[in-house]
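So that you can tell them apart, the chains are marked A, B, C, D and E in the order they are listed, and the count of residues begins at 1 in each.
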Amino acid sequence: MKLINPSSNAALQVRIDQQQGIPLRAEFRCAAGELLAVVGPSGGGKTTLLRMIAGLSTPQSGEIRCGEQIWYNEQQCLTPQQRHLGYVPQHFGLFPHLNAEANVMAALDHLPKAERRAQARDWLRRVNLDGFPERLPHQLSGGQKQRVALARALARNPQVLLLDEPFSAVDRGTRERLYVELAQLKAKLNIPVIMVTHDINEAVLLADRVVLISQGAMLQQGEPLAVMAKPHNELVARHMGLRNIFDARVVALESNEQLAWLQFGEQRIACENPGHLQLGMQLRWVIPNQGVRFNSISQGRLPRSFNKLQVTIESMLVMGDLVRIATSVAGVEHPLQAEVSLNLAQKLGFHEGMQTEVALKSDMIHLFRHRA
Amino acid sequence: MKLINPSSNAALQVRIDQQQGIPLRAEFRCAAGELLAVVGPSGGGKTTLLRMIAGLSTPQSGEIRCGEQIWYNEQQCLTPQQRHLGYVPQHFGLFPHLNAEANVMAALDHLPKAERRAQARDWLRRVNLDGFPERLPHQLSGGQKQRVALARALARNPQVLLLDEPFSAVDRGTRERLYVELAQLKAKLNIPVIMVTHDINEAVLLADRVVLISQGAMLQQGEPLAVMAKPHNELVARHMGLRNIFDARVVALESNEQLAWLQFGEQRIACENPGHLQLGMQLRWVIPNQGVRFNSISQGRLPRSFNKLQVTIESMLVMGDLVRIATSVAGVEHPLQAEVSLNLAQKLGFHEGMQTEVALKSDMIHLFRHRA
Amino acid sequence: MDWLSLWLSVKLAAVSVAILLPITLWLGRSLAYHQFYGKSWLEALIMVPLVLPPTVVGYYLLVGLGRESWIGALLEQYFDAQLVFHFSGLVIASIVINIPFAVQPIQRAFEAIPEEIRDAAACCGMSRWRILWRLELPLAWPGILTAIVLSFSHVLGEFGVVLMMGGAIEGETKTLSIAIYDSVQAFDFDGAGAMSLLLVLFAMVTLAITSAMSRRMLRRSA
Amino acid sequence: MDWLSLWLSVKLAAVSVAILLPITLWLGRSLAYHQFYGKSWLEALIMVPLVLPPTVVGYYLLVGLGRESWIGALLEQYFDAQLVFHFSGLVIASIVINIPFAVQPIQRAFEAIPEEIRDAAACCGMSRWRILWRLELPLAWPGILTAIVLSFSHVLGEFGVVLMMGGAIEGETKTLSIAIYDSVQAFDFDGAGAMSLLLVLFAMVTLAITSAMSRRMLRRSA
Amino acid sequence: AQPNIAAAANIKFAMQKIVANYQKDTGNKVRVSYGSSGNFVSQLSHGAPFELFLSADEKYVTLLAQAGLTADSGVIYAYGKLALVAPNNSSLTLDPQLDGVKQLLDKQQLKRFAIANPEHAPYGERARELLKSKGLWQPLQDSLVFGENVSQAAQFALSGSTDGGIVALSLAVAPQFQQRGHYLAIPESEYSPIAQRMVLMKQASAEAKQFYQYLQSDRARAVFSDFGFGLPDKP
């Protein structure tokens, strides 16, 4: 008795408003074939959101719909079964008494019995787990468990796919393979995919759009790079991994060129004038990592859109082929940070205590409207 | 009744040889104040290794000692309690009926009762969990659970610290704070710290040394960057996240300059001659990401140590402020991959299908002794 | 040696447990999953047959199921059947008496199934029935087994109720416990001893096999 | 209304459970954690008092603890004390009879504690005793409670054993179950009914409070 | 101290009356436990603290005396008699020769007939003897239900689920019994009445002995007689 005919290619629309218990407010849409990454600090409400979409808990009010089908509103609420989705819970939720293969087969009830085993094995192969169909969950390593859960969620041809940090326990090699697999699947199945992740890079790499949730509130949504470039507020900026956030004061406005000058420590920098600035205004600004440059500046051939800044290198941290550099700017409390390639750092002869210049791209300087 | 007097500043020496059950062979040393990262593919045996060090399972043979104290050998085996260590299991192992604070207090038996609560709260604060001392584990999010486990392990002033993917569920911001906390602790406590991680960057950033375990065997150990630069074999290279691994044939040897020429597809490249090469030899080689460069090469001012290579850009993937570029080399099956900054990619006007040149630093080309 | 009584006792235990099991599974599971007002009282009520001396329960069953009661009268009138002094009556009595033994462990076992697993199953699209069959029952199995073992053994050893409403009819209601008691009363201590030994041996073999089998089953799957 | 007998029954139940609990905790926990050859047989052996009719158990206890037995003779000689026909004898009997009811749920409860938690505790440096007190007992609590409830109720309702080895001496061995039975035997159905009701009410109130309290306790902590 | 006394369950009604009288007459109290005679024998042989035992039958006393536990061989305090009983809803007609039973059997309307267990209960033994002598033992085989003792047989007989039974007259005369059924005393010529014997145990106290004497007094004998027992000749 199937209550619904899984109508593929339907977008998922979510509006949730909950004040009691675990507070959560969010509203977004995820089209078929789109991957939406939910990011945000630990305890923000990401898992709670996914559980509500899955039908495992009921929001106080709001609406969840998939295409024309209403999954939840004040009047009705479909069961998880009726929603026909694939869900990889954060802690995997494997059936402890069933082996890996049987765990996957449990999601294949819609197939004739004879095909289930073959299908299950196929899915295990695709998550790189050929060798272990007979293993019980407690005999699997953390990453292996996670992949079984992934295979189980994918196996049932879901209408919507929900992934709660699906790669957190998986090693890098397998993870990259699974990225590809996921991207292909998303396109092939043409369904909405919602993925919780802590890894901003993962979000940027895989997601079409990103939703940022913190302390039960949806702070921003949009394309990953757009959110990074224009975070609504400081909190968002921090959660997106931006570290260069500073105070400044507006000291000049060039109305014709739509440029504004900011007093930054003992120096001045130019930025684009978003229109609402007033002289003497105290504000916070942020610059993404790619807006900060060391190279080519010694030549003095900087275009107008670059601000030159005198800095002192405070510390250098080598991370693989990148060097993370923290610099101090005169009169500014917090360090200005940047990453440069190891090559460049060597070429420019960087060392701690060295005085140098950095360039801040003025069109990448983003001013916050509100203080966080 | 304390059986041992926790003698700090002792190095941990581990030799494990197990054939039956879960096979595992490893031998390494971790000095006090040193952080050893255990990396490797999922299911490789990392958790098994940590459990043996913790005394939760017994290897078939080998020896584990901490300073002068023998933790395990064929004759004797200390209990986990006697080993006096801190362990964050992969799945946290929180006590489900005790709240966060009581979970941490459980590790503080050595303190007078009155101090325990204050200490526990302090540790919760240090892992950024001030708000939730009363919450039970099932009322915590994944990352919050993990941080409680971390606080519990740190709280007892352990002699050795074992961390099984301790940051896997923690968001980026908190994670960076915990990195700093961990680095400080390591120095302050001056104890060996062993951390399992999937994140090579994390290993590079935090670890003094890295041990690579795959399929129950220890493949390599050493400084993270050294392992990346000179992986023993292809497997190691792949696990360290190196993607540019290719076939080649030795076509010329310049004995005086200790240089060798390799036929790579339709082109030739130079590399350092490790001494064992013979003309016509078929071999595999790898180049780390920082050995591949796009910039400055259009000027033709390449030093001798750079190989110029004609490539076609096949695909470009934007990841934050980096672009991941896959290129094809004539006559070579696998793509050559590289990451460049978004700036540079824009400056050089990269687009798919474009023909360009890359430079391979010849001293960074690493030849494998054995085929994987 | 009273083989007929042994056979009767075993039959009674088997039949009673077979009927008891579905009832207590339903009851125990409902109590485990649902919270409602007065649940504590219902749980206490279920314990009542355990608190009353079996002889008293037996007496009230004798009255409540006898020809004078409406159930007894109905049965007699339409089916010409009688519950008291009949095997069927003993079955009913054993069920009533053993509900507490069976419900408690079953309830605890269902309560112990992590919510996470049921959630995952719902998201896998498994129907309620499949969740019950494939997940809940196997996971609750140790508790269910305890219920089976406790009630099976208890029926084998049941005496008071059978005494009160059975009438010691050979082949019908004279179970081994009654036979043993009769022997003791007739000062036939050797006979009583031999029959007790037989009962103990039979029960031990059955129970040992059950527990070994179920351990093997669990080891294979957990 | 036989208040003396009610008081005696309650006292017997409380004392028996108080002694039974440590014994069965140790036994159930050992069975849960240790694997050894013949474990299935030991488990089956523990069930034996359940399989034998209570009257038979009572008879053998009478013989085994009576003046003629070496235990009885010893006690009589050195302490001038007697077990049979005394409250202390009933306590011993109740313990023997209830071991199976208590061990099974306790064993299952300990078996259900995840190894991961005990591992984590060992790594926290908690001693065996602290692990037992702070972790195992609280986590096994639902099973322990079942054991308490089952055996407490069962002692309240125990009849056969007391009948055989008690002697129905007022204030010493005439429990409420015996009193009820006597009333039934004497056709005093009203008296028996009233006493049964009293027993049921007392048990229900006790059990309902226990179960509500333990639910509150669990809710606070799980 | 009050002496502990063990009494067969079937004399409970009479005993209660006698004990009450005894207390009224002498101001002394006794503590009586009722139960099956067989049980008491087991218990007494394992040290039960009873000082006086009123058995339902002679044979139990003999057993104890042979074991050397009693002060003497005791005395017969009453003779138990049988009664044919039927519950109110039964179609059984009561007559001394048990013809009613025969008729009902012939009509195949007799479904259940209760007696005490003849293997160990004295009243059951006599009932079997009686039925055998009437040629009813075989025909009744499929209908008989056995009470563990005669009280239980009476309960079965009264439960309404049997058509009747043979029980102790002393039970049948009890008012509680008569509310639910009727009875007919079977003439003593049809069976040998049950000699109910009592005996003082070795360790019997003066109080117990006093009560033992009282049980043989006329006042006690009158009560036994009222409750349907036959009386032994006065010594």
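The rule is short, and it goes like this: contacts are C-beta pairs under 8 Å (C-beta built on N, C-alpha and C of every residue); 3 or more make two chains touch, one makes a residue touch a chain.
All values reported here derive from a predicted model rather than from experimental measurement.
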Inset, instruction - Quickly list, by label, the chains bordering both chain A and chain E. - result: C
Inset, instruction - Spell out the chains that contact chain A while also contacting chain D. - result: B, C
Legend entry - Rounded Å distance between chain D and chain E, as computed from the means of their C-alpha atoms: 36
Inset, instruction - Report, in whole Å, the distance between the mean C-alpha point of chain B and the mean C-alpha point of chain D. - result: 57
Inset, instruction - Could you put a whole-Å number on the gap between the CA centroids of chain B and chain C? - result: 58
Inset, instruction - Please list all residues of chain A that touch 2 or more other chains. - result: 91
Legend entry - Contacts with 2+ other chains: residues of chain E: 39, 42, 152, 155
Inset, instruction - Would you please write down the residue numbers of chain D that are in contact with two or more other chains? - result: 59, 184
Legend entry - Chain pairs that touch, as defined at the top of this document: A-B, A-C, B-D, C-D, C-E, D-E
Inset, instruction - Write out the stretch or stretches of chain C touching chain E in their complex. - result: 59, 62-63, 66-68, 72, 82, 84-85, 163-164, 166-169, 173, 181-182, 184-187
Inset, instruction - Would you mind writing out the residues of chain B in touch with chain D in their complex? - result: 51, 54-56, 79-81, 84-87, 89, 91, 93-98, 106-107, 109-110, 136, 138, 149, 152-153, 156
Legend entry - Residue numbers on chain E that touch chain C, as the complex places them: 36, 38-39, 41-42, 63, 89, 111-112, 114, 117, 119-121, 144-148, 152, 155-156, 159-162
Legend entry - Contact set on chain E toward chain D in their complex: 4, 6, 9, 12-13, 31, 33-35, 39, 42-43, 45-50, 151-152, 154-155, 158, 171, 174, 176-177
Inset, instruction - Name, in rising order, each residue of chain C that touches chain A in their complex. - result: 116-117, 119-127, 130, 134-135, 138-139, 221-222
